[in-house]
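See structure below.
A, B and C label the chains in the order they appear, each numbered from 1.
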Amino acid sequence: MKKGKTYLAAGISGLLAVAGLVPHAHAANETVTVVLPEEPPSLEPCESKHSSVGRVLIQNITEPLTVIDPQTGEVKPELATRWEQTAPDAWRFYLREGVKFSDGAPFDAKAVAASIERLQRTDMTCNTKQQTLGGVDIKTNVVNDYVVEFKTSKPIPIFPTMMTVVQMSSPNMTLSGASRNPIGTGPYVITAWNAGTDITVERRDDYWGEKPVVSGARYVWRSESALRAAMVATGEADLTPIISVADADNPETDLSYPNGETTRLRISTMVPPLDDKRVRLALNLAIDREGLKVLFGEGAQLSEQLVGPNVNGFNPDIKPFAYDPEKAKQLVAEAKADGVPVDKAITIIGRNEIYVNAGEALEAMQAMWSEIGLNTQIRMFDTGNWLRYQNKPFPEPDMANLHQDQHDNLLGDATFTTFNKYDTEGVNSAVSDKRVDDLIAKAEPATGETRTKAFQEAFALLHDDIVADVYMYHMVGYTRVNPRLDWRPTLATNSEIDLSSIRFRASE
Amino acid sequence: MTYLTESTKVMKSAPQRSRFGTALSLLWADKFAMFAALFLILLAITCMVGPLLIGKAASGINFAGRNAPPSFDKGFLYILGGDNLGRSLLARIIVGAQTTMAVAITAVAASVIVGALLGLVAGYRGGLVSDVIMRVTDMIMSFPSMLTALVVLYVLGPSVSNLVIVLAITRIPVYLRTTRAEVMEARSRVFVTAAIAMGASHARVIFKHILPIVLPTLLTIAAVDFAAVIITESGLSFLGLGIQAPDFTWGSMVATGRNYIASAWWLSFWPGLAITLTALSLNILASWLRIATDPQQRWRLEGGHNHD
Amino acid sequence: MRFFKRSLFTLLSMAGLLLLVFFLSRMTGDPSYLFLPLDASAADRAAFSQLHGFDDPIYVQFGRYVVDLLNLDFGTSLSQQRSAMDIALEAFPHTLTLVSMALAIAFAGAILFGSLAARKPGGMIDRLISILSLTGASTPDFWVAIILVLIFAVSLGWLPTSGVGGPLYWIIPLFVLVLRPFGLLGQVVRGSMINALSSPYVKTAYAKGASEQKIIFVHALRNSMLPVITVAGDLAANLLNGAVIVETVFGWPGIGRLMIDAIMQRDFAVIQASILVTACAILILNILLDIAYVVLDPRVRHA
């Protein structure tokens, strides 16, 4: 019986091989296949903050004026060669000469103006403008072909950092709807988009910079982590930027990397019993974060503030809370003795799949909190519903809640975190503390040491004194990479996959 | 056919016994059905007393026992292994049985009752009433169940009872259409037309003559549907719309376990096996029931004459 | 006359469906949360709502939708910023081919194995077929899907993991999709065949000396088709909306997946357009089913 089966198997696979139907692992070609978690909704340059758009677009098809060095966090030239501040609200950028868009149009000051205009269009809401530029209006003034001046509606000391997210696109692109065929200055051009199936790009010959090794790429998408992992394992794909920790079981192909995300549960610090600091501290002390790491990967770091070490304003001196359930019990008992309603139910507002094992993590924490006598209940939402609880005005302002949250600050400055998340006026903030507000107000217009110090103080205050969050982790992500590629993920892999950083290993 | 005569023989040989005794001896005659019945009885007992006995083991987190493989060394509770938070899988299957059964039974029962009633009315009355009911059914059928799920869960909040509503709504059309089709067929049979002609009341015609014809088909579908409901629920969990933690069912256990299929198959295998065994038992028992109630069918066949 | 009435009712139920979808989808919440960044202010939200007309009273929005519909304008997708109908029509053929092939296989298999099982209820063949088909029908499809990929694509390397392509790409998705309809239909065929085989006309046919094959596949089968067709119709309708899981796992760009994404993103125009497309298909299917009833059972005509 068993023998028969083996013959059958051999027969079938032989037949298939003869028919040439089995998809072979790539022969020695120079194209790569990348499998993403979802299809990009469009490839609109002003939507490049959308991770599935950015992973195809950024650095491959389009490029910005400036880039952030992932190692140092410094702003470096890309399509601009240098820049200067001419007034608190005005900047002058000098452009790289001899750069052409893939449609032949020259990259000059007029093209920059057109790209900024694209960003500020009114027929659709551009995520880049809203999210990164904080809704600030920019006026462009063409000085000459290669010099352009920007005037912002309010002073922005880190304007060159902000320009890292603005993708430059050809002035010939039309302004109707979201583009599915963007034209940029990057080393690759889009060759086809079969809706629902794949996107292919090809290397162009007249790129201004160094010619990349990879000659072309095909992007496909699968929502299941196991499938993405399987595709790389079988050679159907070469690289997937994200798989779950459970699927990362092959040390040869699976790489873990800090992905710039920091997780927390936001505490509604103004609603009893969470308005009592002892209860907030007890919540933190009761969870065994070292044990819980199994859900996210051993590379995850206990967090003590909402930004990672790459961000200007990160405070290296804050010590993460240690696991101490006895102390937590004691704190709850003390609070109870003082009349704090610690028996009141606390709602945990979770979001399905906000990160890998999001639901399991909440279940585990709920069990640990019930150990110290706190009564919590989980409500899981889809993204749309969860977001209602993220923003002010909160739908149920009197509900004591812990809001599951994940934050990434890829621009490398704490200003993109502190105001919205912790200022009394911040739209996601559940904290109201005069000292924090003052520190943020002091930091924002400042530069250099003053700016850094003020942000660091604010983070220390939030962690040690206020206990504003249930602090979780600086997260790690897992990628699976075909061994024929020589490529390592970086902090930016969450939002971009630079094809020109990929090399091939010498085949044996 | 041999089976049929065998069971009728058993029945005839024990005319004096109570109905219960008859049922038992009929069950004894079919070993598959007997095992199925035993399994379901065991399941019912588990649902009732299981959570009281080992409810705590189903919620105790234990990182050391995370994804522990099935083994006899770690004590009775870990025979089937541990789940992704180190909880005993055996305990979770036992405790999960209650919610699973509650969801599936309520959803199937609700959709059978509503569907069959509307189907009876549509098939029996015909005309405008039938048209209206059928077109409303068309609407429900063309309505994606996921949208129903999202609307209900958004408006009413995510809970077990709302999940039952979603599942029931989406299953109504199949019972409705089946019932209507069978009723229309039954209505045209001679003995039914005769009964109507002799002035029998509508209720009498429906419950005495038509329902017995329709019921076996409905039962067959319901038995299979039972599994379908559990799996749909599991699918909703897979898409993030199903039962919400800390509640759990066998379906949601399979959905969670799928993340570990390659590294820890037991997480999704055992609850999946529980679903399959339950569904199988129900189906075997349903088909036994059809045959055990056959005399009625025979009467019907003798009463009417039916040409191709 | 009957045809006219039927068409009228069909149109009415279509209108009802669109009304229902329009209002219910808007009950799932405000899309501005999903399309604006986390820290967008109330003013940004208001501007977004105004841009897309969500700030008008809902009946005004519905009126505008109806007028647009009459002009064959099905709206613009919020996430893709292009015609919602184009998006739905791109996706639908993928689902239609997958579902019709799966159903054809399930239907043929169910009739063959269901009839075989019905020949001897309670016999070995019956038991085997019933247990196999029911096991298939009661195993969660996404679970089977991932297992099959791990076995046949990763371990054995015989089949591609997923995606759209040549015949090999169809094998696993079709297998997964066939399981449930096959189990359900198989049981229904078996059930009504048992009925039909014990009916007088089959006995008459036996007495006349007709071959067993002929009796089973001609006389009995024809008479047991009514419930089978009904259940098959229901399955087809379900699958047209709900091949979601197979589409999700295998990256099949069908309409079920499109609809789920649109619902999750509150992309109302796409929800409406894709439901309109599937509803048309389901209504056509229902009309075909009614015709099938009449053909199979002439008595229905007089009912």
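We adopt the following convention: a contact is a pair of C-beta atoms (placed from the backbone, for glycine too) under 8 Å apart; a residue touches a chain by one contact, two chains touch by 3 or more.
Being a predicted model, the structure only gives us computed values, none of them experimental.
J.: State the chain with the largest centre-to-centre distance from chain A, centres being mean CA positions.
T.: B
J.: Between what two chains do the most C-beta pairs come into contact?
T.: B-C
J.: Need the CA-centroid distance for the pair chain B / chain C, whole Å please.
T.: Taking the average C-alpha coordinate of chain B and of chain C, the gap between them is 21 Å.
J.: Return the distance between the CA-based centres of chain A and chain B, expressed in whole Å.
T.: The answer is 45 Å.
J.: Return the distance between the CA-based centres of chain A and chain C, expressed in whole Å.
T.: Taking the average C-alpha coordinate of chain A and of chain C, the gap between them is 37 Å.
J.: Please list all residues of chain B that touch 2 or more other chains.
T.: If we look for residues of chain B contacting two or more partner chains, we find 150, 154, 258, 261-262.
J.: Which residues belonging to chain C are in contact with no fewer than two other chains?
T.: 28-29, 146, 150, 248, 264
J.: Please output the residue numbers of chain A that touch at least 2 other chains, ranges allowed.
T.: 226, 382, 385
J.: Would you mind writing out the residues of chain C in touch with chain B in their complex?
T.: Residues 5, 9-10, 12-13, 16-17, 20-21, 24-25, 27-29, 120-123, 127, 130-131, 134-135, 137-143, 146-147, 150, 180, 183-184, 187-188, 190-192, 194-195, 197-201, 219, 222-223, 226-227, 229-231, 233-234, 237-238, 241-242, 244-245, 248, 256, 259-260, 263-264, 271, 275, 278-279, 282-283, 286, 293, 297, 299-300, 302-303 of chain C touch chain B in their complex.
J.: Which stretch or stretches of chain A touch chain C in the complex?
T.: Against chain C, the touching part of chain A is residues 9, 12-13, 16, 21-23, 39, 41-42, 44, 49, 122-125, 127, 130-131, 134-135, 177-178, 180, 195-197, 220-224, 226-227, 230-231, 233-234, 236, 382-385, 387-388, 390-391, 393, 420, 426-428.
J.: Within the complex, which stretch of chain B touches chain C?
T.: 1-4, 30, 32, 123, 126, 131-132, 135-136, 138-139, 141-147, 150-151, 154-155, 170, 173-174, 177-178, 181-182, 184-185, 187-188, 216-217, 220-221, 223-225, 227-228, 230-231, 234-235, 238-239, 251, 254-255, 257-258, 261-262, 268, 272, 275-276, 278-280, 283-284, 287, 290-291, 297, 301, 305-308
J.: Given the complex with chain A, which residues does chain B contribute to the contact?
T.: 59-61, 63, 66, 84-85, 150, 154, 157-158, 240-241, 244-246, 256, 258-263
J.: So in the complex, which bits of chain C are touching chain A?
T.: Where chain C meets chain A, its residues are 28-31, 33-42, 44, 47-48, 51, 76, 79-82, 87, 90-91, 94, 146, 149-150, 153-154, 156-168, 248-251, 253-254, 264-266.
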